[in-house]
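Down below is the structure, laid out as structure tokens.
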């Protein structure tokens, strides 16, 4: 059962990824991305990470993709449909990426998890993922968490500075 | 208080201020900065000398610039007795020349530039003499050279001036190349460049040899001779003397300061400073002595027949420098430095006097166009006369004491010494002769120029004559610190104070002579000097008919021609160095260039890099994707490399 | 039980697809979306590793990556909007004034 | 455990955050932007003062480390940002984009960099990098009605995001191998894992991401474009601050965490360094835009600075630190002149005859060009000397020789500027009128370049002390 489920998710994720980068219409790409994100979220569920699955759907699908859609609204879709999809020298990219893929695959053929930590599945099951995650986050990852807040502040300030119209 | 550090750096400050503000703010007030800084530096210098006389020798690193393992570059000062003597010479003469230049260079368009260079020179020279290591010595050595070229070519619009600058540069390259090799060899041998450890351990390498081109060469001798190469170039000894007469293209104060009193004596100073090295090599000492004696005689003979007043004095300088090397070569470093010290005063005075004459004569240099100047230029005449008496070795004047000591010490130095002594004594006669030839022709008799010129004649302003007077006092009295014991006893003064003062650094000459020998040498040199003077006045009285009559004789005429052409040395160099070089340049290089080899190397390398650069630029297409492709490609290659090699 | 390496291979493939998109597409928005694909690949990797190593650290990093991705998206799209405004350009080959 | 101790250790960052937010808020009230700039400088000065008083130690579950090494780098960031603020005011006013957010963003990027220098954990390292990078993306595109500025920001942003994906991918494999992201623990657990293929992959991705940050060839291609398009003060800042931050991270990650596979990363870095020195110097020759030329020169200098890391000895690291410190002054100094000349000094040919029209500025430019070439007695010489010596002492004589040859090549384009300034007749008249802050920045940089050139001893000691903490 889990094999089938994993196989479905993998095929869907890979297929949607290819779909995203090959669409002429950027709106289609964004939609493909939405589905892909949801599938990735499902994969997280599959890995006992409910909280992350929720975050994935809420932040990625809910927030980031909306931003993308906004940006796409500026594009002239009609014109977009008639222009070239790839850069002139896209052929160069294929062997390079394929070469790297092969090398990486050779390196990653037989990886195994190296270490075992404290948070085994039973522990998470009893604690619930969100609680375990939250405890860990605020006990051990306080500093990064605070840094994230500064990053988001910078993002807000930066986005406003760049996108606001000139005041006269 | 390390106030002595200010001695060199004050002139440097003057240079910086002048070079930054000279063009705009200072202009013709450049001397407001330059002269006081050098004056202050002189005062500090003399204070330091007093310290040294009372027995304090300073040797310390002020700070280290870069240290890496054995290699250490530091600015450090060694102020011992030898440095003290040089300090007196450099700061006093430099200050007087600065003052003199205010008058002499008045109205020159490059006024501030001139003073800036003079300041820079003073700084470099002080760094050279006050250094406590070879690297700083080398720095000062090259820096004084640089200032010298800049000042020789000061009137760069004049082709002869810029040519002379180039000539000085190229000729000095030969010497400095050897000097640089010597310094490197010292570092390789001793692992340090500081004087104290090098001189301290120099005896341990005595007798060590190195194999060079298949010959076994004594290491000490090699080092000493390489160092001496530098001295030959800088102090214009045979065979690298050719640049100094041409250097007279520079302004006259420069000739007085750089090409008479200070820079050209750096070679002598360096040999005296390195006496522990030279003392260990009999061969090197002999080379030094013979070079000195031959140069002294050789340059004096050329000086006999020249007509250009500055050139005569320039050859005289070369000749006197020869004396100094002669002294060093026979181990009498004290006498050499003493001559350096007295020479600085009377030679600077001769040049400044010549400058004063030029000032009156609107730049005229030919002594035959002058004449009878003594009535128009009293002070100049009297001071020039005193300087000439001093250089001729007339008893009581500074030059007498130093020259006498050199000749005496040379005489004591075995059979070779006797020969060299004879050459030195003959040179003394010639020296007196050409010095008084100038006096006789230029200052006595009647004026040979045009009437307006005669009308223009005037004594120089006080700003120029006061330095003359002060230097004249030096030219007369500076020698009294080194009265020979023989005379000292006779007049009840402590003799040879100067040599005792210097002996901690340079030691005593090895040979001891008797009073009778000393008296004989002294008498002969006095006779030579007086004979030269009388001869000069006899031959060049009035319109010099007697001299002209002599030249009618074919034999003397021939000699005159040879001397007039300076033994054809320049022509010889032209033939063996310049012509082949030019020929190579014209024919070979042109031929090769036609084939394209040289072009490929000289122009080709930058051009290829340039073309390569242009080609590479094309890769930078401005397309983000391409940039990423390069990144990913590089990652692929690196990963492939690592994984495959593993 | 699905082995960890399956996840890693999946992540590798998605990462590569993202890379390919970045390297070949003309549309600036799609290029940026390709980066998001790559980040998702990393997240798959991290969550899977975290799960199999029974350690929270990877999931923690995933959370941060998602947050940073949101911030990046905001900034990136603001830059795009500024560019559209001055140049009306939406493709990489329209913004090659700076080159060489 | 000890929360208050943790807070005491990150005090500089706390203060900087707080002050940056205050600056951001005050911008709404205070209309005179010069005041904001001044506040920004004060904020950094206060932080610098606090950094001096922080005890060394680890904080927040060993995520954050405070030591001499991080302190030294933080000073480079502080100095470069203060100089940048000094240079920015008149520039931004002339470009008509004088907004207060500029200064708070600059402060935030400094915050990010100081987290990078202080991170003892890959997570914090990643977040610090992002904080820095996001701020700088915005600063690059700050002239938002200028197409070139937009283009630069876009390119930097896209490639930066790409490189941070690479970084994360690398981190994920380090995590897989060791189960941790803490640098010290990684080092402990990696001893048994030498040169596994997965480790090599992780190394490759980390090295690529860091190479991107320091603009090492062939990960450099963004930098000329971005440097050219960005506002000139930001270009000056980018070529120094973030670059130094990149080096801080490289030093810590490679030498501490990946010390057991030093042979491998040294090989990688050596290849990068050689390429960087060659391509940077060679490409700089054919440039016509001075900012672009300085961008390639900056690439080349990354190549030199990598040498110290490759040497890997304490002496080498120290030399790299000293070099980056020196580089901060000489490069910002050169950019300061470019900023002051403004639109009159965009092209290299604009410098023709500058020695005749503006002797003072030409002379200062000459000092910086000499220093960048490495001619004594400027700081650049001292930096290069120690760097090359450390490489030779570590046994990489070939690299040192190449570096010296490339320095000689670099003389060609640096001294060309000098040649144009002094040997050519001016083709036009320009008036240079720097305001007080700019003059101050130039004075500081010129003074220090000369001071460090003449008496480098104290600065060497400073680097030495920082290393030994």
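Just a few scattered comments:
Going in written order, the chains are labelled A, B, C and D, and every chain counts its residues from 1.
Criterion: a contact is a pair of C-beta atoms (placed from the backbone, for glycine too) under 8 Å apart; a residue touches a chain by one contact, two chains touch by 3 or more.
Please read these numbers as outputs of a predicted model, since none were measured by experiment.
Of the two chain pairs considered here, A-B and A-D, the higher C-beta contact count falls to A-D. Here the chain at the heart of the shown protein, by mean C-alpha position, is D. In whole angstrom, the spacing between the mean C-alpha positions of subunit A and subunit B is 79.
Annotation: 31 Å between the Cα-based centres of subunit A and subunit D. Between the Cα centres of subunit A and subunit C there is a gap of 6 Å.
Centre to centre, using the average C-alpha position, subunit B and subunit D are separated by 49 Å.
In subunit D, the residues touching two or more other chains are 123, 127, 130, 134, 137-138, 141, 144-145, 153-155, 158, 162, 176, 179-180, 197, 200-201, 224-225. Residue positions of subunit C touching 2 or more other chains: 8, 18-19, 22-25, 31-32, 49, 53, 55, 57, 60, 64, 68, 71-72, 75, 78-80, 82, 92-93, 95, 97-100. In subunit B, the residues touching two or more other chains are 617, 620, 622-626, 628-629, 632-633, 635, 639, 643. Viewed as a contact network, the protein chains are fully connected, with every chain touching every other.
Only residues 623, 625-626, 629, 632-633, 635-636, 639-640, 643 of subunit B touch subunit A when the two sit together in their complex. Of all residues in subunit D, only 10, 17, 21, 24, 59-61, 63-64, 99, 101, 104-105, 108, 111, 115, 123-124, 127-128, 130-131, 134-135, 137-138, 141-142, 144-145, 153, 176-180, 189, 193, 197-198, 200-201 touch subunit A in the complex they form. The part of subunit C that touches subunit A in the complex is made up of residues 1-2, 4-10, 12-14, 16-21, 23-27, 29-30, 32-34, 36-37, 40, 43-44, 47-57, 59-60, 62-64, 66-75, 77-82, 84, 90-93.
Those residues of subunit D that touch subunit C in the shared complex are 123, 126-127, 130, 134, 137-138, 141, 144-148, 150-155, 157-158, 161-162, 164-165, 168-169, 171-172, 175-176, 179-181, 224-226, 228-229, 287, 292.
Those residues of subunit C lying in contact with subunit D across their complex are 8, 15, 18, 22, 28, 31-32, 35, 38-39, 41-42, 45-46, 49, 53, 55, 57-58, 60-61, 64-65, 68, 71-72, 75-76, 78-80, 82-83, 85-87, 95, 97-100.
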